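Have a look at this one before I ask anything.
So that you can tell them apart, the chains are marked A, B, C and D in the order they are listed, and the count of residues begins at 1 in each.
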């Protein structure tokens, strides 16, 4: 596990808190009374030492550094935004630069939580879920083929693959995303796969295809099924 | 109203349908058996001649050309994807180029439908909705100030402002988006504002601030309230 | 002409200057001695009242509000970056949010200056330039067809079309760009076409195809030719 | 070294070549007369076994899989574009999807070639180059601080840091880029640093800061100096 990024982000957060720093800090801004508590990470729902073909070291680094880094940065972003809104002099372009980080980090935090929660299973989808995907995509295999093809095309770059339920169109679809700021409109995620290189380089180097196979072996389909059932109960 | 783009897109759609089109369609490709029907646009929920400070010409052009163009392109995108999945030889990078268009056009279609449906009102928010936003943002005015600041910062460029209910974090938040492919993760839109220049240039030229005022005067808050109530009934 | 955005940006710049505001303003930051002079806009190289099919109102609004807005914002961005570098406490993510605006606004300013400078002509390319493009693209018409197709595909959205000379590969190529932050690597622009909707909505509404025709009628090919000659003299 | 992506891309390229492939290739499409030769990679200008703190395995994988993958994909993209231009029925949106890949892969190929060519040195900048950067940034250390800060902010994500000479503004500036499609307008790259995670995960996991230190120790400043001298000789 590589604590460097972790430590750096924590130090930044402390500096940020300690200096009363703000995008549009007014001269009179008082320092905060106390250092805010570090925001909580959602614990892994599985034992990272027990995945099939994904190392504990990879999963822990991903969870602590990449997911954790975004949790901590998102907390700092929200503080910056609050300070910036308090000043009428913050230019809108500067405010929006931080709102872009807000969108990006919200995506990173939320999609990472879906991702880890849909790992730790045995990769075997319940019959009802297979049927739902079969109904939407022609066959279950057609769904899996498209999901894997999108993942393959993202190898060597950054992004996510998301199977989602679109609350507006009521369609089940796979979506390609190139970064955390991308996201399908009005969509509840069902199965989320991280394709940033931090998801696999440590175990597989550039061999993204091997990671894709390992991901499919470890899907926690019960989580996916529960999300699907909840999405289908969404009021019309 | 400016029918040119409309006509062009329609001609493309016909060409596409008529020719069994492919990126590099071979000359000998036979035409499909029948031309598919043009996809339906969601009708405006209000009389575009009766908005306060937004012209009928602007609204009709926006609806027919920009929203309509995306509806028609999305239909063509889906056909391309189906054809591309049928071939094992489609490289993943090329498939994903079209999946990017899929994400982008899905965003355009869905957000436009939310946008038009939250226009046509008198701009007055019901007390319960004002209270919900006040609870989430400190005050209703604090919500409105942030929403307007994001909009201001998007003037002269492209993008959307979205007040949304995040189904994962259960938070009400405003989001900045720079294009149709952006989107807040796991979020149900409540109030959607188009900041692409086609939303205002025809009436206001570069004066985006005047459009923002006009938008607020015409918000259909009943639609926003209904969306909020539905989002809050989402199963936990 | 629509001065609102103009005025707003100027007021922001003043507020920014007057308040000694900074991303990481220290409590002790003194106000600057004097309001900095507004940065200079590059004047139009042609009489905007005399273009063929593009109105003076459109060109003046585009130059003053969109190009001018980016010139003024870029100046404010550079001041923010200088202030932020002066503080060790600025988190790297926040610094990069402003560096993104730096990339975006640099693109906007630079490409707008190329754009206006390649307008004001009669649309007739000199024989030597036609030959150079013919050599690179098969025929001059093949070059024009691709350039126009890219422009058509950008209608209704945002972006640029750039014919450029790649200083690394020594190739003449057309490039698609979706926003000001995009840019072909190591490339000297030769012909630049703005496809943001502020380039045409005021005259043509959504009918981007009519703008594309008008643009081609007004290309100042002497400027393009001079740029090409300079690029070809680049040391190997 | 990780040959999987390599092999996959090569197989795709073969499939592409062998099948006369199209996005929606018809079953009856005949194969082309001959398989095109694989495009050439620019060889490393240094011995990858001899860098200080960057492993041979990392550099070889980066060069073969990530740079090499983009070289091969760019060749396939150009073939697709040629085929697509030959058909009048290709919709502009689809053409532009591939032009986006063209922009992205051109950036990847070109920036990777600059990157590898500015590695293999001892990290010590000649006095004249130090002075040029000092003149542009205040001090040489101020330049290095900003370059490193941008790099730090990109850790855990994707992108590039580029010190460039802007041929239009005649300024030396550092630029942040989040992906290969980004690029500073009209800029000749002088020092290029890859911050995609494939640049460091294999050696350092998530500890991007350790990679940044190692990168600086291995900069080939003679290459940077030669680029700077060439840029300064650009005709005014």
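In the analysis below, a contact is a pair of C-beta atoms (placed from the backbone, for glycine too) under 8 Å apart; a residue touches a chain by one contact, two chains touch by 3 or more.
These figures come from a predicted structure and were not determined experimentally.
By the document's definition of touch, common neighbours of subunit A and subunit C comprise B, D. Looking across B-C, C-D or A-C, the pair that copies the A-B interface, with over half of its contact pairs the same by residue number, is C-D. Note: Cα superposition of subunit C onto subunit D, rotation of 180 degrees, nearest 5. Over half of the residue numbers found at the subunit B and subunit C interface occur in both copies, marking it as a same-residue contact.
For this pair, subunit C with subunit D, the centres built from the Cα atoms lie 24 Å apart. The distance from the centre of subunit A to the centre of subunit D, each centre being the mean of the chain's C-alpha atoms, comes to 26 Å. Subunit B and subunit D have Cα centroids separated by 34 Å. Touching two or more other chains at once are residues 90-93, 100, 152, 155, 178 of subunit A.
Taken as a contact graph, the chains are fully connected, with every chain touching every other chain. Taken in their complex, subunit A has these residues touching subunit B: 85, 90-93, 95-96, 99-100, 102-103, 106-107, 110-111, 113-114, 142, 145-146, 149-150, 152-155, 166-169, 173-178, 180-189, 230, 233-235.
The residues of subunit A lying in touch with subunit C in their complex are 12-13, 15-16, 19-29, 73, 76-77, 80, 87-94, 97-98, 100-101.
Subunit C contributes residues 1-6, 8, 57, 61-62, 65-66, 69, 152, 155-158, 178-179, 196-198, 201-202, 204-210 to its touches with subunit B in the complex.
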